[in-house]
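Letters A, B, C and D mark the chains as written, and numbering starts fresh at 1 in each.
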């Protein structure tokens, strides 16, 4: 099944490696292998995507069968662009998607648009982050495959989405759906425990974008398993 | 009549001074005075807005009664932000609006959103530029007062909008209207002669954002008059 | 006496307005007028420079005789550069100098160099900020008129330069002098009281770059007077 | 022999892959293998360094014994910095050095300083680009291992350094040496043929930073060989 189809038919768990000490080398690879193992173990009833740093894309893409996304790309052309990461380069590593506009790496509006357009041409799946309901609505007009909503109320607070104002997520979902019914929506902030994944799905999103809860865990496979199990349970219950 | 109402009831001519040699000092002021004179001469049937550099805002706002817009503002807070131009500062000069995301000064999506939000709080009118139909649609979701569409086919080519593919403008208008029926739309590229203003209005926009045709003219008042007359003729004909 | 000569023969007090609420409009002007008054009152034995926001440059330059510096400029050319502040524009306002690379507004190395070069062509005096001894040494090679050293140990800590490690300042002075004996050196962080100005001069710098201690004071004239008096006393004692 | 020693005792040829179509995948690896082959073939009398895109660093570092440099790094810390490339990450790939401030990827002065400092802590060799003699002098104060001078007169013009004003290079070398006698200096622009490498060394630099002449060649090994042979001949002749 193609990614573009799979993200529409299953719950979704995207692991943003960021550049934690566990994000690269053998530790980074090990987390990808664990994610793939959970994917298989749970009967492929959830899609798990890993987003390691650019330096790890080629190696990890070769070693695991689950989708690998870049954390960022530069919407520039191949050629004389020293130090940049054009989408063609990302594609060549074996990665099948790219994140754009993460809250730690904001892009110009014109760069987001060009990035989505180029990704589409190259067959790469796009995940674009958005901080507020209005920004999420704007991003939805650019037609990425996935939008991760990062309500400022939830970012880096450790506050669970289920306990923060849940209407921030539901409002965002409502605004996005008014203009784009195709895009897959993730909750992209405030995910620290398995129960937060459940809340994210009950609030109407397809899954989560998660980072430190897995990357800083002593047992990433265990955390991935717990989150994936809750996601599957809540997603299919929803019908 | 308030600007926010006036831009909805009249054709609109926004003069972007950029930083041409004629944009500041006595020459910059003279163009604003000429614009005001045309505004009065034509019975206030068109709204003419001038957008001089930041250094000229205070002086020009004091000398003319037509609206003065900043060319850019930084969506930062008052305080320890050396060298930046917060919206509160723009407001204090007497300017009544602000341009954001001009093709020569692209902003991050999150900056555009924050800029529009702060402008709204301060009672400043916003004019946001957008390069493509999709970007224009995205900007429309952020609810600025005015969007200037700058089709890449027209930017800096000297190609008249009436002769370039007119569907680029009509497509953009259509996409914006699907998600935002309130916003005023301008044609923001390819305006070099009065007939281009007519074409811009016939294609469904409310007026134009124009720069070099006026700023580099030996007789700015004459060019403003010609453009304004055509704008009035086409706008009210449309009904 | 020209600024370029005056900064070599007197102690120096540069007031960075930043964009505090007191930085613009009548309050901003009042602080410039107070600074001029102190300058005259103390027999012009100290040079006091004000650096208000770009929007205030023209008005303040017209109203006071002391030098007015911009807080920032963009080393771009006149022409199609919407929203930028070329040095020619700064010059036209009546400002006689420009700050570059403030810790709140870092520039690319190539921009600092181009800015200094253009300022020199236009007869504008340059004040470039530098965070560390090594950066200060690098800046000194670019031959600005003034360098303000901002030891990270002192920035925004409220820690007086006299109590923090004084060798940070003396080391910086030593490194700069090895490669550039012409440049005037200021202490640019940790100045909250008059005694800090004294310490800055005793450590071998010509004066200070100060912001909040004056901008947030209820009686700016009093603070300027106290700082200027100490500066004069310590500077001429040094011989 | 360590790189830091080798760059002081041999001529130097640095191949900047940029992001040409030949820069990644099997083609990128093949060029690195060719460079290593030339290095061995010529008795290791020249040091050849390859600088592929970030995505290729790990693979190429594993496959060849010659030094591999990153084209760019972000002087940020490990942790929550999505999409950035901290120096620790570069180090972990097996790369032994990093380029900073290429003319296509200019950095803030404070970033260059922090990058050099972190590279030093990590044992990575630094190559910093500089556009003008003055900028080169400034960079020299920051103590990188290598400076590549890119006289604007030579960049991207296809004009050979031997035919352009050679004093641009000799002036730059002279200014750098006044403040830093340790740093290795390369000619970083205008290198299209083997004879340009000879001219670069005769003008007092240790070698060249070259890109398109190799990356766009149908026979990279041949071009590398020719350039390396001339470099060896001129370098050791100089004594």
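Everything below uses one rule, namely that a residue touches a chain if its C-beta (ideal position, glycine included) is under 8 Å from a C-beta of that chain, and two chains touch if they have at least 3 such contacts.
Source: prediction; values computed, not measured.
Asks: Looking at chain B with chain C, do both copies bring the same residues to the contact (over half shared) or different ones?
Replies: Same; most numbers are used by both chain B and chain C.
Asks: If you take the mean of the Cα atoms for each chain, which one ends up farthest from chain A?
Replies: C
Asks: Between chain A and chain D, what's the gap in Å when you average each chain's C-alpha atoms?
Replies: Centre separation, chain A to chain D: 36 Å.
Asks: Return the distance between the CA-based centres of chain B and chain D, expressed in whole Å.
Replies: Using C-alpha averages as centres, the distance is 46 Å.
Asks: Among the residues of chain D, which are close enough to touch at least two other chains?
Replies: none
Asks: Going by the touch rule set out above, what shape does the chain contact graph take here: line, ring, star, complete or other?
Replies: Here the contact pattern is a ring, one closed loop where every chain has two partners.
Asks: Enumerate the contact residues on chain A facing chain D in the complex.
Replies: Residue positions touching the partner: 16, 18-21, 23-25, 53-59, 70-72, 76, 78-86, 88-90, 92-93, 99, 102-105, 156, 211-212.
Asks: Which chain D residues qualify as touching chain C in the complex?
Replies: Answer in residue numbers: 101, 106-113, 131-132, 134-135, 137-143, 175, 178-179.
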